[in-house]
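Chain lettering (A, B, C, D, E and F) follows the sequence in which the chains are written, and residue indices restart at 1 in each chain.
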Amino acid sequence: MNLDSFAPVGIFLTLGIVFVLVTLAIAKLIRPHRPSDAKLASYECGEQPIGTAWIQYNPRFYIFALLFVIFDVEVIFLFPWAVAYQSLGFFALIEMLIFIGILVIGLAWAWKKGVLKWA
Amino acid sequence: MELTPLFQWIDTQLISLVEWLGLPIWFAELLEMVLAAVAVLLMAFLIVLFLVWWERKLSGHFQQRLGPMRTGWHGWLQTIADGLKLFQKEDIIPTNVDRKVFFWAPVVCFASSYAAFAVIPWGEGVIPTDLNIGILYILSITTFVVISLLMAGWSSNNKYALLGGMRSAAQIVSYEVPLTLSVLGVIMMTQSLSMVAIVEAQESVFSWFIWRQPLGFAIYLVAAVAETNRAPFDIPEAEQELVAGFNIEYSGMKFAMFFLAEFLNLFLVSAIATTLFLGGWQGPFLPSWLWFILKTTFVIFVIIWFKWTYPRLRVDQLMEFCWKVLLPLAFLNLIISGFLFRG
Amino acid sequence: MNEATPSQYSEEFEVNMGPQHPSTHGVLRLMLRMNGENIVRATPYIGYLHRAIEKICENRTYAQCIPLLDRFEYVTSMASEEVFVLATERLAAVEVPERAEYLRVIMLEFNRIASHLIFLGTFSLDLGAITPFLYCLREREQIMDLFEMTSGQRLTYNYIRVGGVAYDIPEDFLPLARKFVDTFQHRIDDYEAILTQNPIFLARTKNVGIISKDIAVNYAASGPVLRASGVKWDLRRDDPYSIYDRFKFDIPTGTVGDTWDRYMVRVQEMRQSNEIVRQALDQLPQGDYKTKMKAVFKPPVGECYARIENARGEMGCHIISDGSTKPYRVKLRGGSFCHTQLIPAIAPGMMIADLVATFASLDVILPEVDR
Amino acid sequence: MADHDSILKLLTERFPGKVSALELTPAQTAVSVEAASIVELFTFLVESADLKMNYLSTITGIDRTDHIEIVYFVSSLEHKHMLTIKTKVDRIGGKIESIQHIIPAANWFEREVWELYGVDFVNHPDLRRFLLPDDWDQGNPMLRDWDGRDFIRMPEVQ
Amino acid sequence: MPTAYKLNPISGIKNLLIGLWVTLRHLFSKSITLQYPTERWEMPERSRGVVVLLSDKETGDLNCTACILCAKACPVGAIRIERHRGDDKRWKLDSFSIDNTICCYCGLCQEACNFDAIKLTPKYEFSSYDKASLIYDVNRLQDLGRDVDYVPTAKKAAPKPVAAAPAGDAATAVAPQAPAAEPTPTVAPMPEKPVEPKGEGE
Amino acid sequence: MGIISKLPVYMENVPGGTIVTTSLEKVLNESRASSLWYLLFGTACCAIEMMCAGASRYDFDRFGMFFRASPRQADLMFVAGTISHKMAPRVKLLYEQMAEPRYVIAMGGCACSGGPFYYDSYAVLKGVDKIIPVDVFLPGCPPRPESLMEACIKVQQKVKKEKLQDWSSDRRG
């Protein structure tokens, strides 16, 4: 298989974007547009918001993102292994076990460190 | 009732058309691809129209109500009315938002969910493109949804939206890991990442991978529900906590795009579940595409059923469930499969 | 206001929850100071539904007050009528016929069930389970039918009057009420099957929003909130009014005072109320449903504080009579008022989802807070 | 468990001259207390083992046209008795010590009386607008002679 | 922070399945929905909706004697009556209006009335595009009351002089009760006409 | 403002143009009428009846109505219950923040005119129409769920009568 089969992907992406833009454009012809100060204020349950929402956010999220990057990248490495697994035989299994073992140890360490707690 | 002859006919027609016009032959292929993309877009539309209606009807009957009844027979026109109405709704762009990001968030959201449809095998020979890394492609392209939700949450300059965006990012990103791991078990057996190959490996009912990968299927289903932000994992748009979550400031068509993408994603994860574990289009008597639709609809039914039964988890419990329960289970599943399905 | 707004570099931010928010059940406004998902401080702002019922009552005759009292605590209107009528009757030493007392108890307990159903529904809704909400309202509709056939209204009954009740029950009431009482216990089993032992529900409610015994008493919590904290205090037993001493019923209590306990206390209370109604229906005597009163009702000079056990705790009414046809002062006390006051005491450290669950478990009804 | 008479006796003996028993119709256990000794009285009520009255049902203000009467309803969950405490403050500029540090529940009750009757609760940490709109400028609406904008009295039927 | 609750996975999964079973059972049970514009409940007799003025069945005149007991009983001041003394020393009604937006449908006026003149009917459809039209005047009230069935009670007596009328205390007036009929709200599909409420009107 | 309001003027001269515009108008109106998402907002007694109207027995969903918690996505606002002076600015803001086209039902006596709290109350706003435009007034204290549905049908009828030409005129001052 060659890169040709990826052409539809490009077409799909383009069409997806074009479709949204076209719909928004058509909607623009139909929809009313009557802005006012109150309407354009941020919604916060009927009150005027206090301060901006662009604040430094709790770094918990960052740690999960980091964990995700580690694990997901490692897991991607397993894909080629999985595809070729049946032809590689028993040795591949041991290799994989070691690999997963390292991952699991990493997870256990993160767990023990309390990183997996959100609060 | 198979669709392959139809495609072949279109193919020959296009080629003759291109030849008649004196254009190079790759132009016919291009046209064909565009046609396929448009067809899938229309199909996606039909799916969303159906799904929204179906979810409302089902939720109604789960609750001994009727659901939409008055727009068309048993409300079948309801979703169309909703869509047309959203066309006419004012599009509010609050003063404080980051206008560019605010604008592009729904575009990214819709386009990425839609692009994943490029490798869905609808039936025997009915697949826009049979990528050799099909499943990997889906897993990666749908990750863009996270970015769009983050974009929406951040750009809205609204605290609820921010919380919603952050929650959804953390959630989707986390559940991506067990989801990917649960898919690995199937790949080990098929030795291919191509969607078509995966389906072809499950010829009879008994060779469906759900029988050989029950744990993998369970993990996949749970992770998929979480990936689509649906109850019991719908914390990013938890109405009772965050009012409407990341799309709180969106109105009109932009909101509709998020709405559309949400249901497309729902269909997508169910379609993948069908492909990977339920034998895809395989099945007796009925045409293959019908089998595919039926199985996918069943998976969607189960997911909707979850939604209307369970309370929602709290955000930290959600994360802990992912990392402390689902992920170890996924590893376990992988190891078990490794032992069981050695070559 | 003495709260400084957080600076740009702080990780804390302030967010308004309410007045229009799906989980505030009305128009409460909670100002939350948050650090990420965690609440640093919660400040309730009330008064969005302040309607000056107490002021209006000063300018109405006793009979005219009752329809207004219906709007004081509209989820259990019967109770808000009863507490006012009870105070007035004590003030004027009015005898109430036997049958009227039974009818009142039936209505009050039905109303308690209806109120707890609203609680259960909105509570599960706030936890994200939508379906039990609709099941609860389905049963509530049947109670509303019974009320409507008796009093003529679904929500604001104007049924309990000084000296009895407004009307006798219609013929069909008894069989329908019996049928409801018989089927309802199975319905509760259904709700419990969906919620009580559901692991997600347990995770969301167990050890969440703990209100210790001390805090509960000090903040004058009452009703199910107080009982969930382990205090066995029920005015139906401890300060008996009407004819509650004639019925056998348990007072369910919790142990920890967490959200799950409050849920469980209310669910069991529904079963108990169901039993009380069953007993009352069986014992219902014949006779008058109201005493003949003088044309112009003027209680003697005096004052009386009457309190009853409402679905949301102690509901009190302090009436001061100056001997005229109109009360000199009517003070209303609702359980929700104190429960709202609890929030700043227990909210810090919670996550926003916990606050939603805890607040729902307090079952606050805003008119009772604001009056 | 203390009964009606013994509670009154206990209190009048403990606070001679400051607390006196009240006869109300219909009969309730009630005392009147000087505004100055309200904190003292509540401290005793909460701490006394015989009374243990730490459950505050409500605090009410009553406009008696020449003074404001403040009524406390306090009871004991343990002994199951209830006491009505009455005290008087001036109608304009009335002051009374806050009891919210003894019984936290008093916080909002006092705020309400402050807002609706204009009684100042000394040492109350948080006397802010509460039931009325934030920009309220029309005085204390529960006073009997109060009148304000947008306040329509019900017309008498002729 | 309180410690998290420890869950038992086996019973957890079991209870998750029980929950699914309950909802599934409801999925296949009959819905209880009343399809409102096409189906309606048969309202209980006592149901208190729109207030009407009743007319004498034979003569078609209003039963109202302008005694203003109802206006006095009204706790919210929704009833406005203007009247004058006629030549025969009896009160004559000049105008009678009920502000439906103020009315709280408590039924005290009906209880106060000694002449079967005012009644709360089980009708409930009275929304309007226009607030002013919700103040019903005497003609409107009479029209609405024409088709209302009622049992004349024996309480009808010569009108008392107003001065002696008790200051509206409804608790004293034992309301005449029509026999309670049809308390069970059963689905009564309207066979013939009003499938849709009329759009015009008020 | 969308240029669609000018469409009837352009199409007048085209043969068959009026048919096109009227059918377009009909489709658009019907769609708006059958998809009135309401704002999840209630203050007092009426909110309970509003809940009941959404619940199984009456089921708003039959009309294609379901709730949105954010006013940005809502079309219809039930002012369900008493609006106090303190609440009034919030209601106004919520209304302002709804995306147009938007409709309002004043549900219950309190929202229409202050209801039972019209006299002798210092705190209650005497009619929500003083601060926001109201499409349908629904008296009742509280109105039955059926009444609410009838009011919704009234709104639907009003929506169905709207004309394309009028879209540009600012309906709401």
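Here is the rule we use: a contact is a pair of C-beta atoms (placed from the backbone, for glycine too) under 8 Å apart; a residue touches a chain by one contact, two chains touch by 3 or more.
The structure displayed is predicted, hence computed values, not measured ones.
The minimal number of chain-to-chain contact steps leading from chain A to chain F is 1.
Chains that count as touching both chain C and chain F, per the definition above, are A, B, D, E.
Note on connectivity: the fewest chain-to-chain touch steps from chain C to chain E number 1. For chain D, the chain with the farthest CA centroid is B.
Comparing chain pairs C-D and B-E by the number of C-beta pairs in contact, the larger count belongs to C-D. Taking each chain's centre as the mean of its C-alpha atoms, chain D lies 45 Å from chain F. In whole angstrom, the spacing between the mean C-alpha positions of chain B and chain D is 63. Centre to centre, using the average C-alpha position, chain A and chain D are separated by 59 Å. Of all residues in chain A, those that touch two or more other chains are 28, 30-34, 39, 41, 43-47, 49, 52-53, 55, 57, 60, 118-119.
For chain B, the set of residues touching two or more other chains reads 60, 62-66, 69, 88-92, 159-160, 239, 243, 248-249, 252, 308-310, 315-317.
Across the assembly, chain F contributes 28, 40, 55-57, 59, 62, 69-72, 84, 86, 90, 94, 97, 100-101, 116, 118-123, 141, 144 as residues in contact with two or more other chains. A list of each chain pair in contact follows: A-B, A-C, A-F, B-C, B-E, B-F, C-D, C-E, C-F, D-E, D-F, E-F.
Put simply, chain B touches chain A in their complex at residues 30, 33-34, 36-38, 40-41, 86-96, 106-107, 110-112, 114-115, 117-118, 128-132, 136-137, 154, 156-162, 166, 169-170, 173-174, 176-177, 180-181, 184, 187-189, 191-193, 243, 248-249, 252-254, 256-257, 315-316, 319-320, 323-324, 327-328, 331, 334-335, 338-339, 341-343. Within the complex formed with chain C, the residues of chain F that make contact are 39-45, 47-49, 51-52, 55-57, 69, 71, 81-82, 84, 86-87, 90, 94, 116-117, 119-124, 141-142, 144. Those residues of chain E that touch chain F in the complex are listed here as 31-37, 40-41, 49, 75-77, 99-105, 124-131, 134, 196-197, 199. Across the complex, chain D is touched by residues 1, 46-47, 50, 52, 54-55, 58-59, 90-91, 93, 217-220, 231, 233, 238-239, 300-305, 307, 314, 316, 318, 320, 328-329, 331, 333, 337-338, 340-341, 345, 370-371 of chain C.
Interface of chain A with chain B (complex): residues 1, 5-9, 11-13, 15-17, 19-21, 23-24, 26-28, 30-35, 37, 39-45, 49, 52-55, 57, 60-61, 64-65, 67-68, 71-72, 75-76, 78-79, 82-90, 93, 96-97, 100, 103-104, 107, 110-111, 116-119.
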